[in-house]
Each structure stands twice: as structure tokens, then as C-alpha cells.
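Have a look at this one.
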Amino acid sequence: MSTNPITATVDFEARGVQHGFLRLPASRDESAWGNVMIPVTVVAGGAGPTALITGGNHGDEYEGPIAIMDLARRLRVEEVAGRVILIPQMNAPAFRAGRRTSPLDGGNLNRAFPGRPDGSATEKIADYFTRQLLPMADFVLDFHSGGRTLDFLPFAAAHVLEDKAQEEACMDAMRAFNAPFSMRLLEIDAGGMYDSEAEAQGKVFVTTELGGGGAARAEMVAVARKGLRNFLIHAGILDGEPEIAPSVMLDMPDADCFTFAETAGVFEPAVDLGARVRAGEVLARVWPVEATGREPVEYRARREGIFAARHWPGLVGQGDCLAVVAEVVEELS
Amino acid sequence: MSTNPITATVDFEARGVQHGFLRLPASRDESAWGNVMIPVTVVAGGAGPTALITGGNHGDEYEGPIAIMDLARRLRVEEVAGRVILIPQMNAPAFRAGRRTSPLDGGNLNRAFPGRPDGSATEKIADYFTRQLLPMADFVLDFHSGGRTLDFLPFAAAHVLEDKAQEEACMDAMRAFNAPFSMRLLEIDAGGMYDSEAEAQGKVFVTTELGGGGAARAEMVAVARKGLRNFLIHAGILDGEPEIAPSVMLDMPDADCFTFAETAGVFEPAVDLGARVRAGEVLARVWPVEATGREPVEYRARREGIFAARHWPGLVGQGDCLAVVAEVVEELS
Amino acid sequence: MSTNPITATVDFEARGVQHGFLRLPASRDESAWGNVMIPVTVVAGGAGPTALITGGNHGDEYEGPIAIMDLARRLRVEEVAGRVILIPQMNAPAFRAGRRTSPLDGGNLNRAFPGRPDGSATEKIADYFTRQLLPMADFVLDFHSGGRTLDFLPFAAAHVLEDKAQEEACMDAMRAFNAPFSMRLLEIDAGGMYDSEAEAQGKVFVTTELGGGGAARAEMVAVARKGLRNFLIHAGILDGEPEIAPSVMLDMPDADCFTFAETAGVFEPAVDLGARVRAGEVLARVWPVEATGREPVEYRARREGIFAARHWPGLVGQGDCLAVVAEVVEELS
Amino acid sequence: MSTNPITATVDFEARGVQHGFLRLPASRDESAWGNVMIPVTVVAGGAGPTALITGGNHGDEYEGPIAIMDLARRLRVEEVAGRVILIPQMNAPAFRAGRRTSPLDGGNLNRAFPGRPDGSATEKIADYFTRQLLPMADFVLDFHSGGRTLDFLPFAAAHVLEDKAQEEACMDAMRAFNAPFSMRLLEIDAGGMYDSEAEAQGKVFVTTELGGGGAARAEMVAVARKGLRNFLIHAGILDGEPEIAPSVMLDMPDADCFTFAETAGVFEPAVDLGARVRAGEVLARVWPVEATGREPVEYRARREGIFAARHWPGLVGQGDCLAVVAEVVEELS
Amino acid sequence: MSTNPITATVDFEARGVQHGFLRLPASRDESAWGNVMIPVTVVAGGAGPTALITGGNHGDEYEGPIAIMDLARRLRVEEVAGRVILIPQMNAPAFRAGRRTSPLDGGNLNRAFPGRPDGSATEKIADYFTRQLLPMADFVLDFHSGGRTLDFLPFAAAHVLEDKAQEEACMDAMRAFNAPFSMRLLEIDAGGMYDSEAEAQGKVFVTTELGGGGAARAEMVAVARKGLRNFLIHAGILDGEPEIAPSVMLDMPDADCFTFAETAGVFEPAVDLGARVRAGEVLARVWPVEATGREPVEYRARREGIFAARHWPGLVGQGDCLAVVAEVVEELS
Amino acid sequence: MSTNPITATVDFEARGVQHGFLRLPASRDESAWGNVMIPVTVVAGGAGPTALITGGNHGDEYEGPIAIMDLARRLRVEEVAGRVILIPQMNAPAFRAGRRTSPLDGGNLNRAFPGRPDGSATEKIADYFTRQLLPMADFVLDFHSGGRTLDFLPFAAAHVLEDKAQEEACMDAMRAFNAPFSMRLLEIDAGGMYDSEAEAQGKVFVTTELGGGGAARAEMVAVARKGLRNFLIHAGILDGEPEIAPSVMLDMPDADCFTFAETAGVFEPAVDLGARVRAGEVLARVWPVEATGREPVEYRARREGIFAARHWPGLVGQGDCLAVVAEVVEELS
């Protein structure tokens, strides 16, 4: 198999604080000998495990990257037992463009794993994580949120896994993160996801969804900062007391949780995120834009639960996900 | 002066409920003999004043248009004393595109008044309001919100006017609307605004800002629905009791209310809308995207007040308005 | 008034056959010192009138330009009594792009008259015709067709004018052109049209509509070739016998001739051009694209007549002109 | 092999009339959890074969889709012996955009077969037809026409196949369709075509070319409606008498049938579709746009026959197919 | 007349070194309350004249802006007698985009003078220079070069003016700048130029052309640095000895200096800039791209002189300026 | 393996001079039955070897293509012993667009080898060279230059190869080309390059870099013309004396030769191409565009040598190659 052309300007084996780049050669019309520069910070102290902390897997999600950039400028080598690798812009071209996918190749990084060393820019990034970075890590935390086209209740999530010991370790780390909501996910179609690759390599893996709409809110950034610190304490890398508050345990057990638009128009949510809804209750209306005097199309909840995610922005296309209703499993405290 | 080519498929003088269009000929590459179709509903009952209710002046603002479309399909002629003209998509091409400005000519309708009958599509729309629709009206309500690039606390607003009797009538109507916040605005640069044209014609004029981020929230749509009904009751057109709750009176007295970005990057609000802030308090940080390990640029409040508006989305450009701090004048109840 | 920067590489006063350009300086990103080059042929023989023959006023209409280019390469000075000025690409940037309007400035040349010497590229072209070329001419023929978004029955047209002697001269020239159909037009909104400027300068002016759909058909090119030769014979510039066949005289007396789409979808014409229709007969259907199993919206003729023009291409937008029904006035033979 | 993510909202095994969608998850910048919605109608009556009727394989071809949408809204379960599956927009994203290929991935569906369940959106659609829909069918009819860049005489076609019994069944079905022209095709390069996949699965397969230029004409829609009904009667699914008229049998035996442009310019067809041409006769001229006074490049027929297809629109690029001359084999009556 | 909305964050009347912005409100889709930020440095010392030094009038010209940015970071208040205003990006939106014209409105700043306070963004910038900045200045130096589409010999230039005393002052300043070449320009069409406005206000005005091709060369930046320092010494603002080398005096007396392309293709210069050419000598060839085996179109010098400017980049469009031949007036030393 | 659909309109086995095309079918929205036309000239005389001469591998490089087009129109069959195949636009769609990569599929031809007969347009071209053209050739010369985003000293190059006899033959041919500079290259990552395919097939292969910046200079075209003739004389195909001048032998032995930008801004080269530099000397500065008064980022040489390549155009992006310093091995004379 060919060699991945990405080179790092940091030495992952060196002790200390290093700020540098993953440099990915990317020849294109705009720069024949250009490179994608993916910022990376490595803080390596004494003996201990390695945590790989990432954001910007999708480029329009900001809450996690802010928390990561904040930690990257603050973390001192004396605080760290082991190693922390911080990469707030996994798909840097997408992040700089404020887009879910890469403007270089249209690639959705979280559908490109395990990647290819001789593939597109996005596939090369995936391959570098698969073959270089994930093998270094014991604990892996990947921040997501709704981006420009969805908005979520803030939750950390872990997946149902075949290896029940690994699953339990992931669930423990998810609970340690301590977002206001926690989600146990049964991934139906995990093809191409970073999550699956990390889990297949046996890592303790946690992901999140923290708001969205394509912009960070202070409340959500606070959830990310607290959760990141809690996660590193849980991993034994940082010292100190975790900050713990109640968290509501959710589940999305079946297809009835999801409502898709069959018509295009103006999207009116009938309730806001966090509302408890009954089966049959109106979740959303889609108003036709062609004329006034017409009825909106109403979409109703097919199950009872909590309004956990919604479409963003104000216009909705046919086929878009309008609303997600999650099941409340228990209230952790 | 030449004739405005817009024709209406409704008869503004007829009694009853009519749903139709303002048809604006717009020859372009995509359609040599094409037209812009602006939906309009007219409900005319017995004797009484005329209210002109508009949304979609900027095409990426949805809260008011939803309330207007909802009223348009519900309102019965028997309920109306006088006449209600409902136009949820003033700048229909912008609204269909989900953009602030028109994709036909780049026009910002709220900077195009009084318009020109032989101008661009946007200028023709402005002229039609100036010379055809505003003269029919006594009460004028124009819904705005932050759109895709700003988010606001929900408020209704009236302007400081030279004619103090007119100003008082506008303030009364603003209070009748009864948004959670109310704003008395001294417009510095009103050139080209619909507001100015309506006020110059002596109308009772109210405008709003109701959220934003380019998507409607249920809470904001509820403010719009309630305020629209209250406004029409206040005008004497609808019967019934207005629904009144406490409202906080705000002011934006000087340039210190506004904070602009001098650097581009990732926008982190340090507080969320509605927070009370002190002078010197950090309002927002802008994180550089080029590298990790760098300090964010901090932006601090130059005055005490309430965090009333913020930048949207997650990336911010040099020169963008980051934050607005409004002065709390009084709490109406 | 400032000077028009267009210069001609031909000498309009010289005897002989000249092929050259109207050169219009157009500084833009792609060429700081670039020019628009508008091909022109001048053939000047002995004493006689001047005919100004144009196509490409809209850049997606090909039938007339082919006939003009064909004449330009064939016409010998000995054949010409007077002068023929041949300009097949009035709006050359639009013509090269295959678009109705100019890619340089979005300008629709036939809405830009009388033009401005210091305006946009399109306005400069209009001004050059208004102040340089039209004053040289006695007879003016401007070829049009439906372009990419309309398809027409082939007709020559002359306008109803205040000066009845001029009107009669125009009608005579239109009849001499001898298209299969002839149209007497009462222009409602002639603002900005080349037609109006030519007529205001007292010229004998004829225009045409010859097919469309954005491509030439052999049948339509033959109409253009024959009509152009007939027109020049009528003007006394060419010698020879005109080629005359029967022509049907049409009129479009009122707004009932035109049908506009109120919904977007797939356009199905129920009859083809040339069909005789009765009032109330279905002219066209618009099929919704969102789903199967739905009824199309039917559009019916509001008057009896001949199906004279239709929408092109297969998808139709709200507000587009679907169909034109013309009144058959008489059959000329 | 992985699972195709497309799900149908209709039950192909249920008796009755169902209108629904094939829902294809398509995560993209515009909608993180968006879906492509492909309309489908299934009408299943008593015992009998299954016909799979498709259009919109290329998204700029309208004649067949109109006939399919019309049948979808009319067909009653009592009329059907067996099952009819109607899909007027195989490549729905291309159809909605009025383009040959998909705006999602640039995919040409008729070059994407047999498809991939984990490929691009277009490849997923191809795979769903290959593995889900074609296996259900006995008779397959796929409507094509020239789209935006070609115009054809109306013909139905069947392919020369290795299995002569299958070939004969296809030829019978083609004759039953009874377009004004019929074509026996020897496909040279069938790689990636739906036709080849249907034939490889042993189906009775007929395709068509019915006009084009990117817009439907009433005459061509009538051919499609009649042919579709005739085809279903021939399949034994509908009852009734087929409507039969004379049809001319054509062939395109070799490369001399095709003429390609070696220069770009304005396209002038010297004859219209349906004309009988001799070898050496001028078929088309290409006029240079740079200047007047130049000779056009003439393209001459390399064989005798009927002018069966031509370039559309009015400008032609180097390498474009200008003209196709077909051999007249026999006149069926 | 309305007020220009641009505000400066520097105080032009204060002594000292200030770095700040001209802030121009620019509401657009990307930022409803956005601003264009134009960097400005003001260094004001003791008594003396004011020099206004600008670059980035066209946004794809880099040599002058580098010299200005370099001076802006170095200049100390003690060095300055009078005041230096340094604005390296007059049309900042164009400069950031690397384009001649503004991406906001397509405006060519050097054709927008004197500007309008209520016009487009580009017109507002022009107006601010006309009404705010130029009136403060005594000496005005505006750096240009060929940008992306031209390449020039390095020269400073002054215009032939009606006021001969002013003309002489400008010529003196041009000679003081001491570029390798000097040009005395008779501006034919000065409409909309900054030059004309500065001269009309009686300023001592010098402009330059220093290379081009859309990129800076070290040699050209050195010319700009030296000339800027010489200019400020000449103005009496900086102390010290000017650095003087020989300069060749050029003239472009008539239209024969300029050669325009009549065909598009690949541009081959037959000689490089600085070559002495004879009348009739081949300056350039344009090779057709459609085929091999064809002759290039040759363009020959219409006068003797020095090859002073050429087209850039490698493809050339019809109407582009291919070559400029200047007359050598004298060799200054 | 499937068949490559490209067909040649020339007969490579026929004696004489032929100008024609490689015709590549490329169905796309703009032309359903369109073709890419790649110009080719074949000159075949008496017995002798075959030389395959190419340019336009990247579409924004003009120096070699001009020399090739010039030879193609001049070469007579009597001059040739053997055969010369001349293809100045390998990636014709990229060449016509003035882009490095193909506008059809985004393909970088020099990363697409060995290609695929059923792949994208770019991959089909690569396959045709791999399987049809290279096998015909003995000597292969591929012209490159810096294109729009780099500028190089003029050099011919040959690669270090495992087969030392082949390497020596290539080095001999490189020396025979006799550019002002000569380069012995150790290709680290040759994946997908035409060079590697030609070398793997055992050909005598030479490549070049001759200037750049996206435009040809007369000096560089002269290098290309002379080198091409010298190369064909060296191959024994043309008769005559080679034209030989001194050449400097260069090497780029390690990563220290290359400097990449870590910040975006305005690019200032501190020296021009050809300058001798010392380790630690400033090569370039990158100026921030956000504000004045800031320090540029300085980039210094990491080794001694000659400044051999630089970034183009004036703005530089993060990750772009700023400068290349080559080692001077010896001065050939």
C-alpha cells in the first residue's frame, strides 16, 4: 500500500507542548504545489495514556473546536500525565469554508473512513487518522453538533458495541463527560464513520452533539469545555475533580423517531427543542411559498418523547429531516 | 413619471377574502417573458381603517411571514372592520432564495425606498409600495428578525419622529404589539428604508426584530402571532381582548452599543442573548483559524446593559457586527 | 454629454465592401485593457438609401444572425444602390454566451435604449446605435425570435404609431418582408426598446419573431433569408423580384391573449404552435414535480385564435408566460 | 456487499394504487440529514406480468415523464392484470434541475449501471434498479428524447441481442409501441447503460427517442401516451385495442451516419428533421462568431438516408454531434 | 448631499503614529451589519505638507502596497515633517480577492470618481477620497502596475495638464520618484479616474506602472520602495538624500502605440519588455487552439519604439490589448 | 479490460504530414453526444525512431505548446527520419480553460497515469497515452513550466532511474536539449505521473520547467524551440547541428530546498529567480492583509544555492510553496 503524503511538523514522541501542523500536499488550480495545513497541538507529560481530541470532522460545527482551541493555548506540560493530541479542524478545508464537506473534493470526512493514502484530500486525512493517529490513542473524543442544517439538544453519546467491556468503558467515559443529555446509540449504518474505525481499533470512544444551526452559543461552549476537562480527568490524564450535574439518558430506538419532509416550504417548528411531546402532537408545519391562503402541511409525532433535534434553516427541502423525537430512558443525577 | 408595471390579481377595493398576486414583469435569461409573483391576501369587511402587514422585506427572516401566512388562511371577512392587506414576501425573489437580498438584482429592498417604477425589480417593488400600497394604509406593521447573520432578542420598535403626535401613535402601537422587549429607535441613517417612507406618509408604523439565525423558533413565532393580533385589535380592525404580558423597554442611545470585529475567525459569544453585562466584561472572543496555541481576540462591553444582538453564524469576518448591548430603560408590565 | 468610447474599424462613408468591428473598451477583471468586438459589414454602392440590418439584440436568437452573416459574405458592391449596414451581433457579449442578456453587466439591450455613452457596456452599445448608426439609416430591420425561453410562429411585425404616414411605411415594409405571419403591434410598454428609438427617429422599422427555443431551424432561417432580401428590394437597395407567398395577418389586441403560470412544474402544451383554438380550450398543463398521483394545473384559452407562442424549455417557473393566443385578422395572399 | 440505503414508502407486493417515494439518504452541505425523494406509483391488480415504466433517466427529457405522470393519476386497479410500476423521474435530482446529469454528483445515470450500493447518489439509484426493481419486472420501457442538446425524429428502439428469442420479443414490443419511426440498434458501447442491465436480466426491453431540444411538444407527448398504452396492451396488462399507424423502420449501421463539428460557432441546419438526404448534400453549416465576411464550415452527408437527429441549441462546440443520417430499412404499415 | 457613511478609527489631526481603519458599512447577504475595513496608517510630525500615498486602487497590483506596508511599520514620528497618510488597499474588497474590481459590486474604483456618498461600496470609497482625504493632501502618489492581465516596464508618470505650473510640479515629482522609466501622459479619456480628481483639486500627483502579471517581483518592489522614499524627500516630508539613477523618458503619443487582438488564442510575445522594435517588426503571434497545422495571426509594430507593455496571461481574448510600443523621448541621467 | 473510446482521425502508420484529432466522447450537460477534440500532428518520413512530443499536460503552461504548434506547421516530411508525433494540448479541456486541471472532471492529468479506459475524461486520456501512444515512441519529451501558481528558472530534467543505462540515455537527451539549466531529479513520489509511465516502458524521457506565472515570455519560448530541435537532432530524426550554449547543472537533494507558507497574505520575494542565496538569508516575506503597522512573516533559506522557483501570484495561501533553492552541481559549457 502506498504511503500517506501527510507529514507532521510536530514530534508526537517528544515531551512538552508543541503547536504545529499536519501538512497535506494538495496540488490544485489555485496552487500547484499547495498544501492543506491542519493545526495540531501535542502536550506530552509524564507516564500515562494518550487522548486524541478532535473537532471539525464536519466543518460547520464550532462548539467543540472552541473548547479544543481554548485548551490548546492553556494546557501546561506539568498538568498532563500521558499525552493529549488536540486537533480542532480535522477537515480543515471544510472548517475554513464553514461547510460540512470539503471544498477541495466535496468529501464528507465522516463517511470517508478508513480512507485511502492515495485518494482524495479527504480520504488522505481519514487514512492518516486511521493508520497514524488512532493507533497512538487510548481515549478518543470527537466533538460534533448540528452544523448549519440541524440543531440538537446537547448530548454526549456512546455506541452499542459487540465487545461489551469496550462498550461499558465507552459508556463510562460518556457519563464522565456529563453533558445535559446522554445518548446510547445503536448505529444502523456506520459505514465510513470515524466512530466505527476508532471502535474497531478498540479505543474508548465518545462523540457529542451540542446545539448547531451553524453557530456556537455560550451555553453549548460551556458544555464542551466542562465535558472535555471531565473526559481527560476520567482518562487519568488531568488531575482534579470532575464537575458533575444531572444528565438525562436518551435513546432513539427506531425509525419512528425521525420525521422527514415530503414537501418543500417554510419550516415552522410547533415546539422548541427540549419539549416533551405526545404521539400525534403536531411537531412542525411546512408552509407553501407559492401563494397565500393555503394550508400548511402538518407533521405529527409518531411516538412520545423529547423533541431532540430539528431542521435548520428556515426553508426546508423535500426529503429533509424535520424533527427527531428521542425516548427518555432515565434521568441521571 | 413612468408607470409601475406591477399589476395585482386582486381588487383592493372589493369586499371579501381574496388570495392573489402582485405580478411584476421581469425579463431575464431564465424567462424572457417571466414575472415575479408576490403573494397577497386582502380581507376587507365593513367600515374601518386599513392595516398593511408585511414580512419578507429581507428574504431570510421567517418569524413574521409565518404569522402572516397563518392569519391569511384563517381570517374571515366577518371578523374584519376595515381592511387587512397581508404580504408575507415583500421581496419574493429573496424570500424564495432564503437570502437577505434579491437574486435578480442584488437589491436590498429596505435600502431601495422610495423606489423607481422603471428601475430594477427591487426598485419596482419599492415604488409599488410607496405609490400604491402605503397610500391605502392607516396602520403599517413590518416584521423583521436577524436573518442568517444576526440573532436578536425579540422586540417591537418605533422611531423617534419629528411629528410627536405621530411618534406617540407609533409608540402606542408598539406597546400594543407587546413583544417581550420594546425599543425606541433614533434612526441615524434612514436612507432608503421602508420605515422612513411609511412614516413620511404619516402612517402609524411599527417594526420588529424577532430572533434570527436564519430559522424560526416556536417561541419567536408565538411572539409574532400574538403581536400581530394585538396590533390589529389596537387598530380597531379586529375585535377582542389583546393578550398582554410584561415587556422590557430598551434603548440603543449611542455608538458604544455596537462592537465590530477587527479580525476574522471563529466567533465565541461569552454570554448568550438576554444576559445583563457590565462595562468591560468580555462579550465575545474571535479565535484565529490558522493555527492552534494562539490567543483569541477578546471584545469587551463598552457600556452596561443587556446583550441584545449577536453575530451569526460561527465564522466571523473582519468588520462584522459581533455584539449589541442595549440600555434597559424600564420594565413595562 | 460625454463621448461614446466605441470606435469603428470601418469607414461608413467609404464605397465598397468592408468587414470590421465596432470596438468597445471594456476594462474588467479578465482584461484590464480589453475590448468588446462587435462584427460589422458595410456595403456601399451608388446613390440610394441606407438600410441598417441587425440581429443578436438578444444573444440567444439565431435565425436572423445566420441570414445576416450569409448576406455579409455574399453581397457585392455592384448589387447595392445605397448602403447596407449589417450587424448580426448587436449585443456581442450576450451572443457569444448564448444568453439573452450580457454576461458583462446583465444588461438586456432591448430595454437599454436610448443608452448612455458613460454607462455600462450594454448602455454604451445602445447609445452608439442611437447617436451614430440610426441617424445614418432610412430603413431598419431588427431580427428577433423566441430565444431559449419562448417559441413563436414566424412573423414580421410593425407598430401602431402616432404618425400614420410612418406607420403605413412600416406596414408596407413588413408586408414586403412577407413572413408566413404578419403582426400589427400596439406596444403598451415600449420603454427602453430599440424599436421605439428607431421609430422616434422617423425610420421605416420592421421587427420579427421567427421560431425560437434557442436554436435555428432550417425552415425559419429560410424565412429570414427571404424576408431580408425582400426588405432590401422594397427599400430600393437591391434589384430583382421579391419572393412573395401568402401571409396570415395577426393581432394581439388585449391581455386575454397571454396566459401566465401560477405554479411551477413540467410544461405540457396541449396543442402545438399554429393550432386554431377556441375560448375555454385547454392550452397547456403544468405537472407538479414533487409527487406522482396529482392532477396537473390546466390553463385554458381565454379567447379564440391561433396558438402563436409558447414557453420553452420543459420546466416552467411561477410567473412564466405559458402561451399566447393571437387573433387572426385576415389571410393575405 | 453492503445494503442499498434506499427505502420505498410503497409496498410493491400490495394490491391497489399507491403513490409514494423511493427515499435515498443524501447527506450534503445543504442538508446533513437530507434525502432524495423519487416519486413512484404502483398499480397492482389481478394475476399478470409486471411492467416497469421509466422516464427521467436523463433529467432534461420530458415527453415520457408527462405520459407516465398522466397514466399514474388515471390508472385504476380494475384495469390492471398484473402490475405497473411508474417512475417518471429515475434521476430525480437531475430532473428537478432540468439537467442531463445529477447536480449532486455530476452522475449520468445511464452510464452508471449496474451501480453501487455504497457509491454516489446516482450509483445508488442505479443499484436499486439493478437489484430491486428490474428483478420484479417482465416488461421494461424506458423513455428518452434528445434533451437540451439534441433533437430526434420520434422512434422506439430495440437492440440486437445475442439471445435471438429475447431480441424478437423486444422487437415485437417495439413494434407494438408503434412510434412514427422504429429503430433496430446495434449498441457498440453499452457500458453502464440501463438498457444493457435490463437485457442482461432477460427482460423485454424497449427504449425511445421522442423529439428533444429540452422541451415537450404536443405531438411528441401524444406519441408517448399512445405508445405507453400500446406497450401495456401488448404486455397483456391492459385490455383494449392498440392504436396502430404506419411506422418507418430505420437503421444506423455505421459511423458514416454521424457528423461531428470540428469548429465551434453558430449552427445552421440546412434541412430539418425528416428530410431525405443524398450523400454529399450539405447537412449543416457552422458560422464563425469572431467576424463577418467569413465562409461557414459546411458539413455534408456521408451517406444517403433520412435526417434523424440534430444538434441543439444554436451555438455548437468543437466535437459536438451535428447531425445523424439514418438508413430507411422499410416502411411498416 | 447625503453624508458618506465611512468613519475613520484614526484621528487625522493628531500627532503621532496611528494604525487603524476606514470603516464602511456594507450590508449584504454574508453580513447584514457588516463593514468593509480599509487599513490606514497616519504619521504626523511637526509642521509640513501632507502626502497621501495609495495602492490597491486596483486590487491585483502588489508592488506599491508592499512598499507602503513596509513604510507604515517603519516610519517614526520624529522622521516626519508634516503628515503621511498611507493606504495600501484603497479598494480593500478587491485587494483581498486579488481582483482588479470589487467582488461586492463589480466596481472598478479608478472609473468611479468622484464617487457618490449614497452609491455602491466602490462609489462610497471614491467619494470619501474626493471629499475627505484629497482635500487634506498636498502631494499624492498612487501606485499601479499591470495587475493580472498586463505587464509593464517600470515607470512613474505625470499628466499633461492645462495648468502648466501644476504640470511642472507633477513632472518634478515624477522625476524625483526616479523609476527606471518616466512617462509624460496625455490622458484621452480620464473620466472617473482618481488621477483626474486629484489633479482637479490642484494636487501634485504622480502615478506609476511597475511590472504586473498579478505578482510582485523583487526588482519592482525595490523600485517602489526607492521611489516612495524619494517622493517624500522631494515633498520635504522626509529628510535625507534621494537615491537617483538614470531614467528613460517615454511618451505614448497616438493610437499607433497600441495593438489589439482580433482573434483569440495562445499569446506568444515575439520579444520581451524593454526590447527596441522597428515599425513592421512582429510583436506577437496569436496561435489558434482549435487545431494544429494552422498559421498563427501575426501582429506587427505600427511604429518604432520600446516594447513597454504586454498582455498577460497565456491565453488572449478577442479585443485584448496585446502590446504597447512607447516612444523613447530622451534618456535622463 | 474495456476498450478506450478515443479514436484518432490520423493514421499513425501512414507516411506524410497529417493534422487531426484524438476524439474522446464526453457526454455531459452541455452536449449529450459531445467529444473532446485533442489536436495532433504526425509527420512520418523514412526509417528512423519515433519521438512523442507533448505539452499541455497541465493546461496553464504555454511555452512548450507554442514551440510544438510552431514545429507542427513547419515540419516537412523530407526533413524527418522516422516519425514525430506532436500533441501540444494533452489535457485539451484544461488547456482551453487556461487551468492546471480539467474543467470536465477536475482531473490533474499528471497524477492520473496509467489511467483507465472506462474512467473519467482525464483518466481516458492517460490510458490512451499509456496503451496507444507511448508504445509507439522511442524518445519522449514532455514540456512543463510553472503555470499560473509557480515560476521556474528554465531547465530540462531527467530522473534518477534503477536502470542505469536508461538513466544515462535520458541524461544525454536532457543535455542535448541544452536548456540554460539542467536538473537531475530523484522523484520521491512519482505516483500517477506521465514521467513514470514513460520511464517504466523504457523510453528515453526528458521533461522541462520553463518559466511560468501563467504566461509565455519570448525568452522562454526560445528555450523551448531550441531545445525541441536539439532533442530531435539528438534522436536522429532531424538532421543538422544542435545549437549548444552553457548550462548550469542543478540538484534538489532534500526537503530543505523547499519553503512553505505558514500564513496567508501578500507575497514579497526578497530576491528574484537566479539569485545565489546563503543559508539564513531572507527569501521572502508574507505581509498580513488585515491591517497596517504589522510585521511581515519572514522566510529564510535553509540551505545555500540558487533561487530556482517561486510562488505566483501576489497573494499567497497558507501551505503554498513560497520558494525553492536548488544546489548548483556544476556549470556545463
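Order as written gives the chain letters A, B, C, D, E and F; numbering starts at 1 within each chain.
Criterion: a residue touches a chain if its C-beta (ideal position, glycine included) is under 8 Å from a C-beta of that chain, and two chains touch if they have at least 3 such contacts.
Since the structure is predicted, the reported quantities are computational estimates derived from the model, not experimental observations.
Participant: How would you label the chain A and chain C contact, same or different, if same means the shared numbers make up over half of all numbers there?
Facilitator: The interface is built from the same residue numbers on each side, given that over half of them are used by both copies.
Participant: Looking at CA centres, what chain is most distant from chain A?
Facilitator: C
Participant: Which of the two pairs, B-F or A-F, is linked by more C-beta contacts?
Facilitator: Of the two interfaces, B-F and A-F, more C-beta pairs touch across A-F.
Participant: Which one of the chains is farthest from chain B, going by Cα centres?
Facilitator: Farthest from chain B by mean C-alpha position: F.
Participant: I'd like to verify one number: the distance from the centre of chain D to the centre of chain F, where each centre is the average of its C-alpha atoms, in whole angstrom.
Facilitator: Computed from C-alpha means, the inter-chain centre distance equals 43 Å.
Participant: So what's the Cα centroid distance for chain C and chain D, whole Å?
Facilitator: Averaging C-alpha atoms per chain gives centres 35 Å apart.
Participant: State, to the nearest whole Å, the distance from the C-alpha centre of chain B to the C-alpha centre of chain D.
Facilitator: So the centre of chain B lies 49 Å away from the centre of chain D.
Participant: What are the residue numbers in chain B that touch two or more other chains?
Facilitator: 21, 37, 60, 148, 262, 290-291, 318
Participant: What graph shape do the protein chains here make by touch: line, ring, star, complete or other?
Facilitator: Other.
Participant: What are all the chain pairs that meet the touch criterion?
Facilitator: The complete list of chain pairs in contact reads A-B, A-C, A-D, A-F, B-C, B-E, B-F, C-D, C-E, D-E, D-F, E-F.
Participant: Can you tell me which positions in chain D touch chain F when the two form their complex?
Facilitator: Those residues of chain D that touch chain F are 58, 60, 99-101, 108, 111, 146-150, 189, 191, 260, 262, 317-321.
Participant: Which residues of chain C touch chain D in the complex?
Facilitator: By the definition above, chain C touches chain D via 17, 19, 21, 37, 39-41, 60-62, 65-66, 68-70, 72-73, 86, 88-89, 95-96, 98, 148, 151, 213-219, 221, 266-272, 287, 289-296, 311-315.
Participant: Can you tell me which positions in chain E touch chain B when the two form their complex?
Facilitator: 2-3, 5, 21, 23, 26-37, 118
Participant: Once bound in the complex, which stretches of chain C touch chain A?
Facilitator: Interface residues on chain C, with respect to chain A: 262-264, 290-291, 318.
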